[in-house]
């Protein structure tokens, strides 16, 4: 787990750009309108509260923290870890892995190895891990769906706000000279809706989706690795199998790093 | 089954916000227009009546009640129930489950256990339960589809209403000073369409979809549990299997609660 | 087969509502414009003729008749029929079903039973019935697709009509006082496109889709039933299997009705 | 292969309707604007050239010819052909089919029969034919995708053209009386984009899609037929199997036509 | 690998067309506005930075290079190569392929052959190659997704820019004569968003998608070929199998070219 500063930085730069753009032809003061903000954000949040179970809505802060923190899904490290575990298991027996398990952070890997050590049937291990993974995926998907929906609802409530202002203005149209400023106020909720959807909610939903995809691939590697270790496959085969998940550049840099490991390990076999 | 007050509360807050926003620059009176309401809501309802069989439309009140009442799909409780049933079945024979069945509310669980007690073939039990579940899902999907369609049709009829008012106004344009108020009236149906779609129909459709997904997962656990009991698996394995459906936090809190149960149950095995 | 009057009634009510709404602020005369009707309906129909083979377009009247007539897909009756057939087959041999087949309307059921009586291999029966069903589905889908496309093309041609009127009006803009009536005429094609799409074409497409889904489920039950009869399963099992396709309310009302049948039939076994 | 005159005729009628509609309130001269045509059509074509490999773009004339010529996919004829081939193969040995193959136009059928005569393994025949079919489908899909994309890009470039004209006009707004004609010119590219997309590109894409679907079904029948002939199944079974692909009306008319064939053929068996 | 000049050429022509179209009714100077460019491009890029991991964003230059360079995926050459390898393997043993492997550029082919030479189990080879291919596909898909998202975000930020200018202009509306030029400036960001999305980002995304599809098909052929060689199938069968991936024209031109090869090779068998 390490902090990922790029998303908040990009948000700050994007928001600054928009403020700078506003100041090019007017002043930021004309764009701050609390009632408009309330109708756009709180209104769409009410629609979210109707759409999703409250237990999911409560997780929004946790979900947001995920955008700021990159989970450690280093595939190269995982391969090294499996090579290590495989060597240990083949030289000293699979039961010696028991003491390694405590130091593992990744829950899927820990549970998988524990079941392998317990001598559970490989088909059962596979199906239990796959249920765990698909449920993890389902839970992450709720986060994406909430932000995706918010990204649809915010502009919709922005448009509702604009319609309200327009109808109010048009029905009291005594002095034509006020049309301009009335229209300006009416368009602010549309602006808010578009701003929050395109710079915040939709990018967050995409971010969560990309993270889920990368975690799923990582979990797939874990399942492959755990089953290979239980089957007693040799470290070289495990490395070859799991390296299929790396792109070519990573494979090459890995090969240089691992040339020693391979040398050592080939003696073991 | 317990009442879920959050959706109606969120609706009230959202609607109040919109009324408050209207009062900021005008009066609520200018937004109440019964003919506009009729064309938007009744018009789109007519289109629904053409789209869906009347037997499905009649279920709208029942579907709405589902939004207000959360079904008891507590996965932790279900796991406890299966551990209990498994212990009973292993110690006193599967036939003793017969008397437990009467007290079970969940129909899928009841039918599943009944078939297990009747000694039906596991493949048959699985396929019958899966047909039941997929038909339950299909019936729930009709509810979602109706509200999703209504969420599309309401803004469409809102726009039809606006077009009618605009055409009427423009074709009789003698006094330019009436354009403003004419436009205001024309936009009210657009406002109604957007309001009902985004604060009511689409959120209800999403709500129903989330409920169906959570019920499906629950049913999947039931199928897994019933088959495990019939296969005579020990309570510990059943717990481990079904716990894959819980997230990590729930697992942990469960483990603390269940430590006694496990202790007791390990003596049985 | 019985007439379903709700769709045409809903169409009449919906159209009346719109006429009433027009009369609120103008007269229906201003909304009747034959050239606009031609460009919207005939124009979009020309695009349909390019899109679909003429042999499919010719089926539009037959497809429309399907909206007015509900096919008899009473699942409860089907289950009763299968129980009856199963009893007959078990007591007097499967060949006695031959004479029953002539009285069956449903073609899938008739062909399925005929093949079962002919002693064809169950796998072959299943695959032939599934090809028949998937081809029936493909044919029905063409109907849905035509109306769905029409629902997209009608507003598009409505907009083309509006663009034509707007360009004509704007390029000859000598007397500003004619803008209003010019705009009114221009918007009529948009109104027509939206009206036909949302009250007619899209609802018809949805209606056909719902019918196909319900027929598919019915056919699925037939396949299940035919194979069960050929396998010589007892009526009670067939009932239990097929009841999975009913919702709980239907099951209950069925159980009351069938209690006698079951009583009778249990003597047979 | 026979010419299909309906699509070009429908296009001519549709275009005439639009010209007639233009002449109702103006003159066709005001709608002909070569620069607008270039920006809409050539602009969107440039975007196509970036999107698709040139080898695919070059096939546009061939693809267009497909819209004008209906391939001979008469399912009834195909069934008759298979019955004939099956009788020949059963009475005189599968090798006699060798001389029939030369007269067959359809490449999938020809290759399939050749492999059957060569005594290739049925699983191999099936997998080779399926690869051929899925590659044929992939090639046809490129044609659909190109026209679908063009149907999206043409209105987009139409809007770009309108934006250009609007910005030019608005930035030089000295004489308000020119707004009308300026707007008229600006809207012409939007009109072009909508016209080409809805009367040409999208209908062509749909047309190609329907043709591919019908060809796929035809190919599926061929695979089924070839494998049945190789397996030496009797003509009656082959007819029954392949008739599942016909709708009921076609089956009936077929049965009348084929009653003689069946009579003859039943003697053979 | 050879340069593909068509995409950049088409881009230059498309952009020139638009400049020419601007010059028809105004001057290009009025369309160059650096702040508008910044809000549209940099703003949408900030949203991309929130959406995607930075490691993916960094690959944009590499992705763009892919649009300019066509990978050598000549299916005919690949078939020739497999025929050659198959002859070698059958006449002198599969181990002789070891020295050929070094000269092969395509990584999937190289790894596949290496595993075949190493005598790895065919099922393992297949599953490892499929993991490699599906991971390659996943990596390519990120490129498409980035440009597709950019194609959605650019018009969205264009609209945000237009809203900002409109609100600024409308709230300071003292001199009505400035509306025109204000609107012109406001629309420039909309123009930029539409221009970049439709001539650049969306076409690039489509281009990448078509390339991935063609590479996937190529990889599928490689897997088929490698497994056939390991299974020791004869060159004629391999040719026949892999030719299923060619369209008919390519097959014919291939047959002429290969008639000699076949002649030679038939002696070998």
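Each chain gets a letter, A, B, C, D and E, in the order it is written, and its residues are counted from 1.
Convention: a residue touches a chain if its C-beta (ideal position, glycine included) is under 8 Å from a C-beta of that chain, and two chains touch if they have at least 3 such contacts.
All figures in this text were calculated on a predicted structure; none of them were measured in a lab.
Enquirer: Trace the shortest sequence of touching chains from subunit A to subunit C and report its length in steps.
Expert: Tracing touching chains, the least step count from subunit A to subunit C comes to 2.
Enquirer: Compute the rotation angle for the C-alpha superposition of subunit B onto subunit C, expressed as a multiple of 5 degrees.
Expert: The C-alpha superposition of subunit B onto subunit C needs 70 degrees.
Enquirer: Please compute the C-alpha centroid of subunit A, do the same for subunit E, then give the distance between them in whole Å.
Expert: 26
Enquirer: Counting only Cα atoms for the centres, state how far subunit C is from subunit E in Å.
Expert: Measuring from centre to centre gives 42 Å for this pair.
Enquirer: Where in subunit C do residues touch two or more other chains at once?
Expert: 185
Enquirer: Considering the complex alone, what residue numbers of subunit C touch subunit D?
Expert: Going through subunit C, the ones touching subunit D are 35, 38-39, 42-44, 46-54, 56, 107, 124, 128-129, 131-132, 135-136, 138-139, 142, 149, 153, 156-157, 159-161, 163-173, 185.
Enquirer: Across the complex, what residues on subunit B touch subunit A?
Expert: Within the complex, subunit B contacts subunit A at residues 6-7, 9-11, 13-14, 17-18, 20-22, 24-26, 30-31, 67, 70, 177, 179-181, 183-185, 187-188, 190-191, 194-195, 197-200, 202-204, 206-207, 210-211, 213-214, 217, 240-241, 244-248.
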